[in-house]
Amino acid sequence: MRLDETARGVFVIAPTPFTDTGALDEASTDRMVDGFLAAGASGLTILGIMGEAPKLDGAEALAFTARVLKRVAGRVPVIVGVSSPGFASMKALAAGAMDAGAAGVMIAPPAGLRGDDAVVGYIAQAAAVVGDAPYVLQDFPQATGTFMSVEMIRRMAEDPRLVMLKAEDWPGLDKLSALRRLTAEGRMRRISILGGNGGQFLPEELHRGADGIMTGYAFPEMLVQVCRLMAAGDRAAAHDAFDPHLPLIRTELQPGLGLAVRKYVLQRRGFIASAALRAPGPKLSAETQAEVEFLLERLGRGERG
Amino acid sequence: MRLDETARGVFVIAPTPFTDTGALDEASTDRMVDGFLAAGASGLTILGIMGEAPKLDGAEALAFTARVLKRVAGRVPVIVGVSSPGFASMKALAAGAMDAGAAGVMIAPPAGLRGDDAVVGYIAQAAAVVGDAPYVLQDFPQATGTFMSVEMIRRMAEDPRLVMLKAEDWPGLDKLSALRRLTAEGRMRRISILGGNGGQFLPEELHRGADGIMTGYAFPEMLVQVCRLMAAGDRAAAHDAFDPHLPLIRTELQPGLGLAVRKYVLQRRGFIASAALRAPGPKLSAETQAEVEFLLERLGRGERG
Amino acid sequence: MRLDETARGVFVIAPTPFTDTGALDEASTDRMVDGFLAAGASGLTILGIMGEAPKLDGAEALAFTARVLKRVAGRVPVIVGVSSPGFASMKALAAGAMDAGAAGVMIAPPAGLRGDDAVVGYIAQAAAVVGDAPYVLQDFPQATGTFMSVEMIRRMAEDPRLVMLKAEDWPGLDKLSALRRLTAEGRMRRISILGGNGGQFLPEELHRGADGIMTGYAFPEMLVQVCRLMAAGDRAAAHDAFDPHLPLIRTELQPGLGLAVRKYVLQRRGFIASAALRAPGPKLSAETQAEVEFLLERLGRGERG
Amino acid sequence: MRLDETARGVFVIAPTPFTDTGALDEASTDRMVDGFLAAGASGLTILGIMGEAPKLDGAEALAFTARVLKRVAGRVPVIVGVSSPGFASMKALAAGAMDAGAAGVMIAPPAGLRGDDAVVGYIAQAAAVVGDAPYVLQDFPQATGTFMSVEMIRRMAEDPRLVMLKAEDWPGLDKLSALRRLTAEGRMRRISILGGNGGQFLPEELHRGADGIMTGYAFPEMLVQVCRLMAAGDRAAAHDAFDPHLPLIRTELQPGLGLAVRKYVLQRRGFIASAALRAPGPKLSAETQAEVEFLLERLGRGERG
């Protein structure tokens, strides 16, 4: 299974489950995979920024990839984040992941590139490095510090192996519209565009032409439902399904703290055994835990209503 | 009326109304002031980051301040943002504002200060510059690039003229708790703490011990209601009042675009005649306008329901 | 006298002289102007980043401009920095300066512009704002945070009023060569290019095709001499004249501290009465003063030798 | 041999030699080690920022470390940079390096830490992670984005395993003086302080109390000579030895380009076989190569003189 431009739906950004002592937790990996697929995920993405990838060494990254791919067993495509300071590591991970059955890889430009051409050039180099793998371009300037304009993305999309954009610039909705407009006008190849940003603009992203979303929000079944309702043309119902989750989405989006919130919720839901991040990483205060519990309770009430 | 540590409630961050051609709009200034007071504002803050202060020259800043103060006519305290690259300008604006009847001034540390002591030292210098005015310390590292720790704020609060903290670090809730804990333990003078950040964590901020909020969200009456419900101990009702606004709050929080959204809504509500920002500034796309309209309609439905 | 593409030589970035209490020092302004012209300056630039422009209000900026222009009395062109957060202030200062006899204005893009097109668009807007004034584009990403590629500069240079580039990207020599190559190939209009960066690469900049330099290094007569020697084809002599100054240039280039060093040297040389910067600003430690004195003494020895 | 507070002299920051195709070049590693020791190095530092450490995987880092240590064979202490996004990798590399005979490790705080206490806390955590290894604290905010004040360094130096500071803040001379003053006043433990920053302030650093320098400037024998002359009290001779190298030091200091210049010079001098950086990395233009050759020729002339 190779990723292509027709990909759509909810690609769940999977965290990397660790034990309380920081070891890779294989049992939780399996359970988490099962949970995301049961929630309706159209695909999985691993070793992204929220996957604590820089804290894994090369062997661990490949071992985790293999474990996920084995458990998924071809049911959905799996995308592997391969961003790395050096192309040698990027190449090793991309080759290993594709050999093990990944559907594609994800690349984000690093910080410090100077000007549009430098960014476009970097991605072209990285595309060569990952061999013949289809790839996702991650547009996430809040984390990478590197902006990519509509015109830059159009240029990069001339490479047929760039099959998907993870669109999480902020603000990013007008950019999404502009990209779709280029395609409608025949000036840009149609690629898959998935939103991101923790899902905080999911209904709007779909309304603007996104094919789905790639995020790790801890209730992927809601994301699936919103995609379904928007596809069915029921925008009001989509917002009605979405809005009750916005307080928790907002809480998960806090920079530096969000992944700890997300893992806490996934642990509470039984997806993973430990909410631990690898050191160095934040821990939730008792007050924050209580607030998350309060929001979960409100969500439960809403869902039962 | 001088601002002091007992200040509480909703201090509305007022934008600076311009005509479509960029002139100060005095009629809208009056109307906006009336609207905010009718909504239940406990105070107003002008010439903050969202007041486009750096785009006004010194004479305009004083003229706008005078106009607001005249219209408020002592009904609520007015705080004037005086942050400036030079102390000479800061001094002139602070003196002029206090002479005209302002209740206090607001100061944010600039970018580029190196280390805790440099920040604390800067604020001490600025406090000397603003003469005997009570002042609000703005803690907004997303905009200023300058972090202030709990310990730094504790030290700065030894100055009795620092009467209020505008707490909008992100994440900032544990910091708010830590500050209140210091006061409870007798290790920090009690000052007024108002939340910020567009209101996106208002219920949590109040639960953590904030005395209210200082933000420019375009529906201040909801902020007032949430403060009232939390003060009455009805946390669930506060969240019920808050949650329907979160989609619009999220839309107003988009960096670089948020003020244009806010002014659009204030214009739609009749507070100001033009949604124009002074150049250079963003304009709302037709798509974004339609999304805001959609959210406004949903809000209206919710309020009528 | 209007600035045009044929400008060459040493344009001295003049600081703004203040008294020890922070007032504009008119007598020092006159003396400094005389000193720079006696040193062989081909032009002056005022109210740049090193001119503490953001610490002046609009009236002061115009008063200082008028004083400089009166003293220069048409002997050399004077360029006035007009960068400002708002176009209204930029317009007022540009109009006032041109009315008073300035030869042109200087514009730098602000921080926070996203992507090449946003930068090019900003400069086009600013060019409209400054009316019919010839303008210098300042390329100084270390200070502005905004990168401009060769291609961007080529596009911007299609505007005939853009007559000069202040080229102080770092590293910037290959960029300078690339710009000159474009012109040699007939693909870019020839504009004046002056180097910058405190003069630390002056011989190389001239070798790469710069027409001179715009910097405020406190010994402009050396800069003039190096330009003369390079124009005469005596590269080795140019380096021989340049190298002894590099220790002091390096000391003046220290971020945040450099202007204080520069004003200290200008005071020591009798150009200005006080080395004071407007608050907030750094002061030289006794150790740094002693080091500067040591370097000045070595320079003196070298010059006498 | 374990690093301690008495370390002094020139610790050469060694690059990682690669072949033209990006493989570790073992023969060049040996030759380079011999060259640096012949130049009078008191120690070596490997896998620093200039060692392209993030482009090596864990196994390569350990292999390179072992090769260097074997070649050094105990003649001088070797420090190994172990900074890493995750503590697991840091621990593995530190343990492997110390087992193989390293004298100590070097740690820099990462970007994104918020406030003095967060930085001090991070270093305390890292110190625990590296076990019982003596460590060097790298103070290099231009690269890490993290400032460390005099007071922070004083606090961190309470840990007896922190034996050395690599002091390369910019500007940093007053900070160096302030640290030495604290020690003179009995308020801070005396640690070894080595300057950095490409050597551009070496005479001043020594004058301010540094015990030497840790940098990778391609002519370490000059650094050794300057240290010797300053130790002998001959400040003028030290500057005379230093000044002719400043043009090349300046050229090596260019951000993003400097390492390519440095490797070019080391190749020209016969220390390494290839000037190649691992991808992605810059290449020297023909013009830059010619400029470096010109500077080398001038240096040669000066040295013969």
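Per-chain residue numbering starts at 1, and chain names A, B, C and D are given in the order in which the chains are listed.
Methods note: a contact is a pair of C-beta atoms (placed from the backbone, for glycine too) under 8 Å apart; a residue touches a chain by one contact, two chains touch by 3 or more.
Since this is a predicted model, take the numbers as computed values, not measurements.
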Shared interface numbers for subunit A and subunit B above half of all numbers used, same, or below, different? same
Please name the chain that ends up farthest from subunit C once chain centres are defined by their CA atoms averaged. A
Between the Cα centroids of subunit A and subunit B the separation in whole angstrom comes to 34
How big is the gap, in whole Å, between where the Cα atoms of subunit A centre and where those of subunit C centre? 46
Distance between subunit B and subunit C based on Cα centroids, please, to the nearest Å. 38
Any chance you could list the residues of subunit B touching two or more other chains? 256
Which part of subunit C faces subunit D closely enough to touch in the complex? 170-171, 173-174, 177, 200-201, 204, 207-208, 235-236, 239, 243-244, 246-247, 250, 254-257, 285, 287-288, 291, 294, 298
Subunit D residues touching subunit A in their complex are 22, 52, 54-59, 85-89, 92, 112, 122, 125, 129, 256, 278-280
The answer for subunit B against subunit D in the complex is residues 114-118, 141, 147-149, 151-152
